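Two complexes come next, and they have one chain in common, chain A, joined by chain B in the first and chain C in the second.
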Partner chain A sequence: MDKKVKVIPCSGIGKVFGFMAREAALKTVYELCPEKAETVCLARIVTGDQEVKEKIEGSDCITVDGCPKMCASKNVTAAGGIVIEEIKVLDTVKEHKGEKFGSPSQLDADGEVVTGEIASKIADRINEVK
Partner chain B sequence: MSEKYAVLPCNGLDKCAGVISREIALRLCGDAGHEIICPVFSRIAELKYRKIISEHPLLVIDGCPTRCASKLAAEKNFKIAGKITVTEEAKKSGIELSDTLQLGEKEHALIGLLLNDLKTPGNTSKQPDEREGESYHFDYETFQKGKFLFRVPVNKDIFFIENDCWAYVSGNRARIGVTDFVQQNLSDILFFTPPEMGSEIDQFGEAGEIESSKSVFEVISPVSGKVIGVNEALIQKPELINENPYELGWIADLELTAFENDKELLIGFDQYFEIMKRKVMDLNG
Partner chain C sequence: MSEFKVGVISCSGEECLGGTISRLATRKVLEELKMVEPVTLCLPLYLAGGKEERNFARVFPVISVDGCHQCCAKRSTEKYSGQVSGAVDVADIIGEENALNTEIVRNKDLTSEHLRMIDRVAEDIVKKIGNISPDAYSGKTFHGCGCSEK
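On to the complex of A and B.
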């Protein structure tokens, strides 16, 4: 299988955990696993963009959600993507109780560290399948 | 932009223009206290966001011509008070956006310009009308029969009905008109009667008339909506419909009222193109 794993974060706008989901996804596809992974815009998935739909249908996908609403996971599944891993930012955040992560547009140092950890988890999962 | 707005940006994940869209939205909501709307979450948290939008005018910020934010607003029938498409604004300002997601000097300059524009009272609310002509782009597939050339736009936001009329949907608005099949069959169009401004038209309802020496054609609206604009140029120059019934020869602009329902009875390019070809062959042998 030569298709890249799709790493799809939630829209995550206006919330720091959503921003971390997005940053972790981008770090994974552009820095950690550029040969094995790519990202797809969730808004294009939910608006039924045909090009994007064909891209994810039947493909291995890792979703990254910033809040318990799980928008990325639910919408990717609904669009026919095979979600091989649901990453929840909050799972990693809970391991860093008391730290300050930043704002919805700017991560603090702790936020950068946690985002890096999430990206590593995503990359590990990608390396398992590729 | 003196009052508070609800700001709906595109998701802006993987293109520079999208990053700019998000950045503008975040700055507006961070500095000036406007309400931000998460584009994807808004689909499921309808009650929450409908309340915000009922209290504040909606500003939609699209990054690229895919216009996901506009589509999401249209899907929920949110009324759009103002709209920006970052790629169009960049082009107007002569700024070539980066291929990467990193915002450089040029991109920050554009963000500054747009934020300044938005902070000028009244600027936001006039933007949809100012930009309406720029928002509609047409790419055509053609079919030729003898000396007659029939163009049909292939854009996926353009919907058709078998009555040879089209609707180009953008946000919660649609521009409507007739197809080349109509103007070729009518031949030289001599008169145009526009639909009444402010009137409510049902899907498949009459939206004006066009008349040639051969016959009168009742324009059928593919979508339900309120008439918010008519192409007044056609009153003096109805021949613009013969020149191009999609661009200069458009008929009217509607504010959509039931697009989700209307969609069930609309067809896309592929289906209409085949129907039109069959009609041409039937008429001309």
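On to the complex of A and C.
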């Protein structure tokens, strides 16, 4: 069976960038590539959940991280996922200096735009491999 | 600086509504609660080498907020930092069927009914914070007036 690409955000709770990572990942799996991609709870990966480990191991994964600590990427790699792309929210944010993106629980208009751009990058990568 | 810090760690699960509600309720408490200083802890940082997160949870009381019965936030906290001082299971509050809803996960899809669910979960977090024994703080601060330091 052709496995879907796993798109896994950090969902960091302290800053807007973690929220942008989460929203970009969810936009990708729900709107842009629902047939080719799915998400997996990072918290379950962190706990070493066997069912999730089996799902992740050997699978193509795209991680989306909101800060340089790269929690999603590190945890997915530790769980045996094949990280084919590490998306860094800050890379896209840097292209939008001076804009207001919102809060960790609500995106402003600029935040929505940038999140859409990140989602497009994720979708482009998925379409390259699927 | 408040001596009454409490960590609130949510699972923020991406697969179902319960995770979204755990995250938003935690943020709501963080932004609105004034009597103590709630601090959110990034769950994935536990395994990614987040010493600060683990140490905080060893020193201050922590409330875990989980979107489903898997209780990932609670289990991770207890694995790396000791017992939690309170555990909120969103599924117990909004019902398992709602918590495991995989159709509505994104913020933009939330209705007023979901916002009420967030309020109820936030209320439970605040209740759990209120139930923390004062002893949980005693001798556990890094700094302060000095009388509470070990």
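Some points to look at:
FYI, the second predicted complex is superposed on the first by the 129 of 130 C-alpha atoms of A that agree within 3 Å, B and C clash if a C-alpha of one lies under 4 Å from a C-alpha of the other, contacts with A are read in each partner's own complex, and residues count from 1 in each chain.
Here is the rule we go by: a contact is a pair of C-beta atoms (placed from the backbone, for glycine too) under 8 Å apart; a residue touches a chain by one contact, two chains touch by 3 or more.
Quick caveat: nothing in here was measured; it's all calculated off a predicted structure.
Per the definitions stated earlier, placing chain B and chain C onto a shared chain A by superposition produces a clash between them. Once chain A of one complex is fitted onto chain A of the other, the partner contacts of A:Ala78 are limited to chain C, with no touch recorded for chain B. Once the two complexes are laid over each other on the shared chain, residue contacts for A:Pro104 go to chain B and to chain C alike. Of the two partner chains, both chain B and chain C are touched by A:Gly12. In the superposition on chain A, contact is made by A:Cys41 with both chain B and chain C. With both structures placed on the common chain, the touch criterion links A:Gln50 to chain B but leaves chain C unconnected. By the touch criterion stated above, A:Lys27 is placed in contact with chain C alone, chain B being left untouched.
Residue overlap on chain A between its contacts with chain B in one complex and with chain C in the other: 9-14, 18, 22, 25-26, 30, 39-44, 46-47, 49, 69, 71-72, 75, 103-105. Put simply, chain A touches chain B in their complex at residues 9-15, 18, 22, 25-26, 30, 39-44, 46-47, 49-50, 69, 71-72, 75, 103-105. Of all residues in chain B, only 9-15, 18, 22-23, 25-27, 29-30, 36, 38-41, 43-45, 66, 68-69, 71-72, 75, 101, 156 touch chain A in the complex they form.
Partner chain C is touched in their complex by these residues of chain A: 8-14, 18, 22-23, 25-27, 30, 39-44, 46-47, 49, 69-72, 74-75, 78, 103-107. Against chain A, in their complex, chain C makes its touches with residues 10-16, 19, 23-24, 26-28, 31, 40, 42-50, 70, 72-73, 75-76, 79, 105-107.
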